[in-house]
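Shared between the two complexes below is chain A, which pairs with chain B and chain C, respectively.
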Partner chain A sequence: MFEASELNIRNRKVQRLFRILFLLMTLLLILPVAIILAILTWKGSSVINLSFLFTSPTEGMTAGGIFPALIGTIWLVSVALLFSVPLGVAAAVYLSEYARDNWFTRTINLAIINLAGVPSIVHALFGVGAFVLFFKFGTCILAASLTLGIMTLPVVIVSTWNALQAVPMAFREACWNMGATKWQTIRRIVLPNSISGILTGIILMVSQTAGETAPIMFTGAAFFLPHLPHSVFDQTMALSLHLFVLATQVPGVPEDLPYGVAFVLIALVMVMNSLSIAFRVYLRGKKKW
Partner chain B sequence: MGQVDTPPSARKADRRNLDWFIDKAVQVLVFIAGISAIIFIIGIFVFITKEGVGFIFKSNYALSEPVFGLLEKQKMPEDQLDALTDLAGKKFATAEDLLKAVEGVIGVEGAAKYKDILITKSLDQPFNLKTFFTSPKWAPTSEVKPTYGALALMVGTASVTGLAMLIAIPFSLGAAIYIGEFATGRTREFLKILVELLAAIPSVVWGFIGLSIMNPLIIKLFNVPIGLNVLNAGVILGLMAAPIMTTIAEDALKAVPDRYREAAEAMGATRWQVILKVVLPAAKSGLVAAILLGVGRGFGETMAVLMATGHSINLPTSIFDSVRAMTATIAAELGEAAVGSDHYQALFTLGIFLFLVTFLINLTADLVLRGIRKE
Partner chain C sequence: MIAGIEPVNAVETIGLNLWYGTFQALMDVNIRVKKGIITSLIGPSGCGKSTLLRSINRINERLGYVRVEGAIRVLEENIYAGDVEPVQLRKQVGMVFQRPNPLPLSIRENVLFGHGIHTPASGKISRAEADGIVEKALRQVLLWDKVKDRLKKKATSLSLEEQQKLCIARLLPVQPQVLLMDEPCSALDPKGTEAVEELLWDLRGQFTILIVTHNMAQARRASDECAFMLMGELIEHETTEEIFVTPRNPKTADYIEGRYG
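Moving on, here comes the complex of A and B:
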């Protein structure tokens, strides 16, 4: 009954053309990175073995493994987590459960956006000025982790806020009607129902923290240390800085060695992110409301 | 208004028991956590300003070539002039300190005689706002006269960010439109996850890619002597910023209500017409915000830019010139600058500038986004 007019046919052709164009753009964005990652994996995996992961660098860092850097990154991330998770979750609880929609809350949101947008090297300057010098921690894990924690605080706040907002209002109202206080409602109803969403955000934060380099360069990470850190007041090596040092500062490094470090770093970040995504997809399937 | 007596039973239920106090305590605690972001932003500003702002207004006193010339003209005896050469270039925080040092060498009388010249002409400001913005000469460790001109660094940052945005803006918007409007079902989910994973690659790894993969590639492809240049860093930064911009832009497209699309489709519009005439205009401010946030990110990127630009102070004339960015300068030089020295303070001054610019960019993006929510 309806014949496609000439205009219709032309319009449809234009649509197909643009569809293909945008698909190409998407692929052009993804493919180079995929190729680069493949090269990194191919060159890096030839270096990776158990002794690479579990021995110290030797011969002026031109041989040996990455064990101290790996342990150092775990130290830095853990201490940063201890700081920013309680703070970030509490901040998100305030914003989601207590804050009213007024200029003050908007100011807080603006501050969070800015905290996420401040260049990492400015965070490093802040870390040096505040933790290393003013609070006299010196260059140590504590100073570096606090800097990292403040830097990644927005990730925790935003993802927790999203998780809290996903809990239906009716759940809270039902609980209040039983005579529960606000805190009782949050502890028994809101948090248990959003805990998985919060975890997703924390995993993302871990992955971001592990990859950061600039904020730890001057606050607690060292180029090379012959021993492992014993407390938060020690300096430490870190994977990300180790990659930078191997790639730019040490002469005579065999070509494959930094590829190995880059591969471990990427693998760490990718596994963390995939975990977070898988968790999210699983949750979406399980949602009860 | 008359006070109504509460019945005794209600009074009992309303008592301030332990739960009530816990509730109030929690409210105070989460409030403190809530304002922590504001505290940290102010803290960042205060601490980098504390370390850096003194430098902007700092003035030293030092005997330099011109001062010696003036002293000679005023007929200062040859032997006294010779005695003063040891003081040349040495910096003194106050005029009194300089005068005291001069007195130590040529005696109180001599110093008093030339006091005016010594004080007014030895005033030497290491930082000059005009130099900072207009001189391309960044030479903080120069033996002769340290100069703090950030023009070349600003141009370096701008050229790299500019090229990165030339790449990232069309591609990320294109990808966002494809993922948000054309792709469906599994393809869409898959592409979204892929983009999210790409956004997670650490910047130091990008820097390493620039150094070890892009560098030889550029040398071979374009037959240039060095592959660490604006092109390299621009492409790296573009690839790096694009996934984040894609995600934000896609969110902006998603925020356009479906009824807009349905109404247009009911009129017989094709998908592309719907996108062009309905979705894009409606999502305009969100897309602008995505671009702004991408610019902010490129502007503040440190490690990738440090490793891929070639790190040489240069006003670039082509994309094959090596440059140096502001962020990279701080990262490379902070380690070797003595705490409290002019050089150290100059780096914090750069930090203040970076902070203010990114703050401005983020503020604009937020205002643009708030504009949408009001509609």
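Moving on, here comes the complex of A and C:
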């Protein structure tokens, strides 16, 4: 009575086939990441040591270290964060908590989506036009970071908006009905309970910013500088551009050198991500619902 | 309000009409809710009882498409007058929801939240004063003995019944006059319902309580007066006993006997 019929057996076979197919697709996703990391570690590890990290390039970039580029990337990312995090979070709070659904809000949302779709080289040209030339910052960290900041704004806005929307409406209603203003509600309930989600957006942004090359190429990153930047109005070297230069622009670079730079760049991003993830986990532990 | 004379009606609506966009949810509602007693609002889903409740603390206004005509007087003052500050109104008129919605804070912080909102940053109170406020409010809702040893615990660690009591407790430190309750027991089990009803009787006299309920047995048990609404209109408003024993309007009788609902 309960034996499997022909049809049952065939259906089960098909089901198994699809299960395996989807599993393979998923594994395929991990593969490139694993291969990239493996190659970088394998080829890059030979050049990485303390003096590689803490000295300048020498002999026409074919020897020496990457210290100015490493510091430069930290500068660029930090200044971009200082710009895009407050701006992006504020915009997301407005859109999520204050704005009513009308043509104005819809236009802004459309603009954000479009901003996310603009290619990075176009952002670079915008950066040159706006920050380097119009505001007369010249090519410097400030111009490059502002360009990076604008490019990553959509990431910050969208992820912050999602984090804010994840806070249950019932909390807001409880506050409003007690006579809390919108700001009191945001300040005391909504932001503290969405901070871990907001940090996720910032993590994404940090990774993207550290790796971008095109937007900083014409706005503030230099081919080679013997010294470190002193302020945001100086030019700087950057890991991503340095990698590009070593890989394509300079003859006679030892084969392992670019791999070493790439390894440091990825490691830097991973360290920053881990710190933020640790912080997120800590905050999530304090969540009270 | 004229000093010295106690108003008889805590809430009074005069020719109240309310529209959500083009849909009229309240039609010429005239109700007088007497001070210090429990009044229940009954009626089938969509009859406008929650809408009426939400008009009394003007929380409906947050939806941009709501339009109101007529007047609502709370403690003898027209709450739609130009100089009325909604924040002050909501301090006097507390709201309790269907689903307990304690804030994602500790029990103690939940009780102090409303107080904090209505206190200027310069007027911070001492720890001892805060402790006093917390204890008083939790005692008023018969929760103190259960939670006094875990005030720092998350409010969501409480049972639903306790959460709902906490949601009532957090309104009390700002000394409201009117408590609006939108089906406060519908998420609770029978035991929790009984406990909250008991609490309502306990609070009766100190506060004017207006409670929306689907549960007719509850309206009968837990209110002094009862108002029946249907399709946005107030059909009948009498003492609870009269409504349930000798309803005047046949529509009321039909609803109470369960012919529709």
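In the analysis below, the second predicted complex is superposed on the first by the 266 of 289 C-alpha atoms of A that agree within 3 Å, B and C clash if a C-alpha of one lies under 4 Å from a C-alpha of the other, contacts with A are read in each partner's own complex, and residues count from 1 in each chain.
Definition applied: a residue touches a chain if its C-beta (ideal position, glycine included) is under 8 Å from a C-beta of that chain, and two chains touch if they have at least 3 such contacts.
Bear in mind that the values here come from a model prediction, so they are computed numbers and not experimental data.
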Per-residue touch tally on chain A - higher for chain B or for chain C: B
Touched partner set for A:Val33, first chain B, second chain C, both or neither: first
First (chain B), second (chain C), both or neither touched by A:Asn193: second
Chain B versus chain C as contact partner of A:Asn177, first or second or both or neither: second
Contacts of A:His227 with chain B and chain C, given as first, second, both or neither: neither
Touching partner for A:Ile121 - first (chain B), second (chain C), both, neither: first
First (chain B), second (chain C), both or neither touched by A:Arg100: second
Doubly contacted residues of chain A, that is, touched by chain B and again by chain C: 181, 184
Chain B-facing residues of chain A, complex: 8, 11-12, 14-15, 18-19, 21-23, 25-26, 28-30, 32-33, 36-37, 39-40, 86-88, 90-91, 93-95, 97-99, 106-115, 117-126, 128-130, 133-134, 150, 153-154, 157, 181-184, 186, 207-208, 210-214, 217-218, 240-241, 243-244, 247-248, 258-259, 262, 265-266, 269-270, 272-274, 277
Residues of chain B defined as touching chain A within the complex: 19-20, 22-23, 26-27, 29-38, 40-41, 43-44, 47-48, 50-51, 170-172, 174-175, 177-179, 182, 191, 193-198, 200-205, 207-209, 211-213, 239, 242-243, 246, 268, 270-273, 275, 293, 296-297, 299-303, 307, 327, 330-331, 334-335, 339, 347-348, 351, 354-355, 358-359, 361-363, 365-366, 370
In the complex, chain C residues that touch chain A: 57, 59, 62, 64, 86-91, 94-95, 97, 99, 101-106, 113-114, 116-118, 154-156, 167, 170-171, 174
Sites on chain A touched by chain C in the complex: 100, 168, 170-171, 173-181, 184, 188-189, 192-193, 287-289
